[in-house]
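Two complexes are shown next, each including chain A; its partner changes from chain B in the first to chain C in the second.
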Partner chain A sequence: MLELKHIEESPNHILEVQGEIDASNSVQLDEAMQEVIRTGTKNILVDCSGLEYISSAGLGVFMSYLEDFKEQGISFKIYGLSEKVFEVFKILGLDQLIPIFTDKDAALAS
Partner chain B sequence: MPDYLKLYCQTSELAELRKYLQSRLESSPISDALKLQLILAVEEVCANLIIHSHNCDKSEHIQVLVSQNQKEIVFEIRDQGNAFNILEYNTPEIKEVVGEKRKGGLGIILIKKIMDEIKFSTANGTNICSLVKKI
Partner chain C sequence: MFKALKVNSGRLSVLLAILVWLALLFVDLVRVFGMVNELESGIREEFTWVLEILFFISVYSFYNYSINKGNQVNFLGLTWRAASTGIFASGFALLVSLFYTSLGDGKLANEPFLKNFFYHVNFALTSIFLISSTLLWKNLILYQKTKRVVKQWQAFEFMLLISMLFIFFNQNTLDYSFLFGMVLLIGFGIVLSVNLKWIPYLTFKEKWKSLLFLAIIIIACSYLFLQLLGYSDRSEYMVNLTDNLFLVALFSFIFTYALFAFLVTLFNLPTSSVFEQKLTEALSFQRLSQSIQPDENEEKVLDILMDSCMSASFSDGAWLELNGKILESGSNIEPRFIDKETKEEIAKLIGQNKASREFPEDEILHEIEPIPIRLEHPKFESALLVPLVLNKTVIGRMILLKEVKDGFNKEMISIITTFVRQASISVENHRLLNQAIRNERYQEELKIAQRVQKALLPDNLDHNEHFEICAFSNTADEVGGDYYDTFQLDENRFVLIIGDVSGKGTSAAFHMSQMKGIFQSLIQLDLSPSEFMVKANAALSKCLERNHFITASIFILDTSKKSVCHARAGHVPTLFFDHKTSQSEYLGIEGLGLGILRNKQYSNHVEEKTFHYSDGDLLVLFTDGIVEAKNDKSQQFGYERIRNLLEVYNALSPEEIQEKIIQSLHGFVGGDGLIDDDYSMMVVKFKE
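This part shows the complex of A and B:
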């Protein structure tokens, strides 16, 4: 079960992710990311406080945009990961490639 | 509890796989974080098989078995599709995956980093992928 919500808090766009992401629904995450990108925003945050599980299919979606974000000067941050899910990001070294914060305040303050 | 899980080849079955593995690991003396990682590694193998070897044909299935003792947990994934031997695939560097903007390859990195041993064999048309985690 995956729920995605796009929230605009100008100038930030927040994608709220809840539930589990695997190969059956990662396309939904991709579509939601594209919807956020289409707004032309330069500030994208992903709220993962409700994210219980993510497989490579979901992680691959985030990774596939990193290069574009760099080229286009888009700030991309993730916050609210549980310790267990954060471990998975660390196994892949994604914590070195994506700015990850404990909560929204920390993400906005950086 | 059945001795193995029969998993039909469609990605919507992956949630069922996670539930099954969670219940099999319930009594294991390992952390919740490690349980999640083991479930993830097994799911990555199964997702690869379902998508690449069986083309998401739900009339086909794979089997997942879990055995454990005081020293290790062994996951065995059996199928009768085109052999998908992850040992033959080069593990890409994470930076390559980003540079090429590709969405694949991460699963294999995860499986190899999480598990201590990966074995693959084929006999009489059945492929067996064994994933071993020392505890």
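This part shows the complex of A and C:
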């Protein structure tokens, strides 16, 4: 089960992720990411407070955009990760590449 | 052995019949000789009767044998056999009587020896005709036998046997007992004669032939019977052979059955085409359902369908229209009995017809019936539009044409509908079958891939006497993305690696094999763990798909220094058990997964650490499939469980520890629960 919601709070675009991301639905996440990118926004936030589980395939989606974001000067932030999910990011080392915040306020404040 | 006996019984009965007949002739001629010379021959009548009965029985057994030999019942063949015997017997009798007529009143005409000789020949031929026909009728009566009919026939045969012996009882006189027996046998013969189920199976042409044969039999039968009546009350024949209850009963039976069969066949003639039509329909149906083999194409079904529908409706012309590319192959099915011009004319007329506009296109939800329409055309006056439906999609239509107005009745339309349905089932089955074959091929390919991938994981793990090692891997699908390997650098130094490709299945399997290639080539360079990761990252950056990455942990063991140097690239932490303190902990080391940062910056994100071990210490390497395995409450197996298990079972051998962990994992997931990811582990135990 994966629910994705695209919220626009100018100038930020927030992608709200709820449920579990695995190999079977990582394509959905990829499509949602592309949709957000197509708006041309320079500020992308991903709200993962509803994310219960993410598999390597899901991490692969976030990972695949990092270089583009860097090139195009897009700020990409993730917030609201549960401890368990954050652990997954951390083990892979993604926490070194993606700015991760505890909540939305912290993400916006940075 | 049994067969040989059977052949002999056939020949034996012929031989016996001939011998008996000769004896019969001889005995009678002796009697005639006695009469002429006014001598008493002293041969009793009973002697002749016994020979006569023997003759009947041997002829009966011969025909019983020879008719049953050909198992296949050929109705026309049987009737012809009876008719031909009839022609022969009555022809001979006719010739004899003509011979005597031509002689007039000459001396030869009254020659008793010659007369007796001809009498015997006539008797024999008549008997043969009657007995053979009876047995032929038996075959016809017992076609589609029921228990009741078989019982009746057996009773009839028994009564016939009694009638043979009747002659001893009534001394060859016509009395009431004879009449009683006769009436009884005739009545029984009539009862049996209603069994005529073979007649509908004759075709129209065969019916005409069988009428002819039956007529011949009736005439021969009547002629021979009249002849027989003529023999009675003639004194020149010493012993009357023909006033026999057995023969009279057979006469009446053969005559009645032939007459019944003749009449029934005659009245069956007008409806015989209907029966034939039904048979053809059944055959068409069978052909449609068996028409395609896996390697043949679907056109053949449509071809058979068109022919079947045409013959079912007596159409005078037909053609087929298919909607574009829906069928696998294009339509090469020839129109039937209609040229291109006429076809176009009629297609135009059909287009103008109101009813034809209701013809469905593409998707349909409910069953559709063929649409009959009238045509204003000089040649064809009615047409039937038959929709061809496959998987609820109209794939085209068949147009049947007739030269008469309103030529398609309800029965025809219903049988055509059935044909179309059967054809579409055939095509659907054909497609399913092809698909199943294709799937099977894919399965085979996957099995090969599985075998190849198994070979990528080492069978023998490099080690020396200072440590024990074992490893295990399981895939969620046929192939997976987990990888482990070992390499011996020199006498004391060994490399262990464990890796996990993001995602699972085929794509992961390909990347896993790349990882194996990279490991096996880079490790030869004797790189340090962090150098290895940097170089592996550079190599993988060129070949991994954009959203794929690989995590790995690499360990270089030095058994002389008792040290382990290691690096981690995003892989799940490795568990280390310290024998001295009986504590286990996960090795804390930073490191980014391979293929995530595809530039030189990667070297800033990988660490390298060295530690020393002592005897009894353990290393447990695994992949995230174990940690993330979930039970039905959506709880993960987690790191703590593995740690606790190791603290309990650390005294066991690596194989046993591995087994305990996997058992515990399966127990956690639950009996039927499947672990939806690849999972692997490697256990190393250091010793003296």
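Just so it is clear, the second predicted complex is superposed on the first by the 110 of 110 C-alpha atoms of A that agree within 3 Å, B and C clash if a C-alpha of one lies under 4 Å from a C-alpha of the other, contacts with A are read in each partner's own complex, and residues count from 1 in each chain.
What we mean here is this: a residue touches a chain if its C-beta (ideal position, glycine included) is under 8 Å from a C-beta of that chain, and two chains touch if they have at least 3 such contacts.
Please read all numbers here as calculations on a predicted model, not as lab measurements.
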Chain A as common anchor, with chain B and chain C clashing or fitting: clash
First, second, both or neither for A:71, with chain B first and chain C second: neither
Partner chain(s) touched by A:83 [first = chain B, second = chain C, both, neither]: first
First (chain B), second (chain C), both or neither touched by A:97: both
Stretch of chain C penetrating chain B in the combined three-chain arrangement, among 313-321, 547-555 or 583-591: 547-555
Touching both chain B and chain C, residues of chain A: 22-23, 26, 53, 55-57, 59-61, 63-64, 66-67, 84, 91-94, 97
Contacting residues of chain A [partner chain B, same complex]: 1, 20, 22-24, 26, 53, 55-57, 59-61, 63-64, 66-68, 83-85, 87-88, 91-94, 97
List of chain B residues in touch with chain A within their complex: 10-12, 14-15, 18, 32-33, 36-37, 40, 43-44, 47, 50-51, 94, 97-99, 101-104, 106-107, 109-110, 113-114
Of all residues in chain A, those that touch chain C in their complex: 22-23, 26, 30, 52-53, 55-57, 59-61, 63-64, 66-67, 84, 91-94, 96-97
Residue ranges of chain C in contact with chain A within the complex: 500-505, 546-549, 551, 569-573, 590-593, 596-598, 605, 624, 628, 634, 636, 676-677
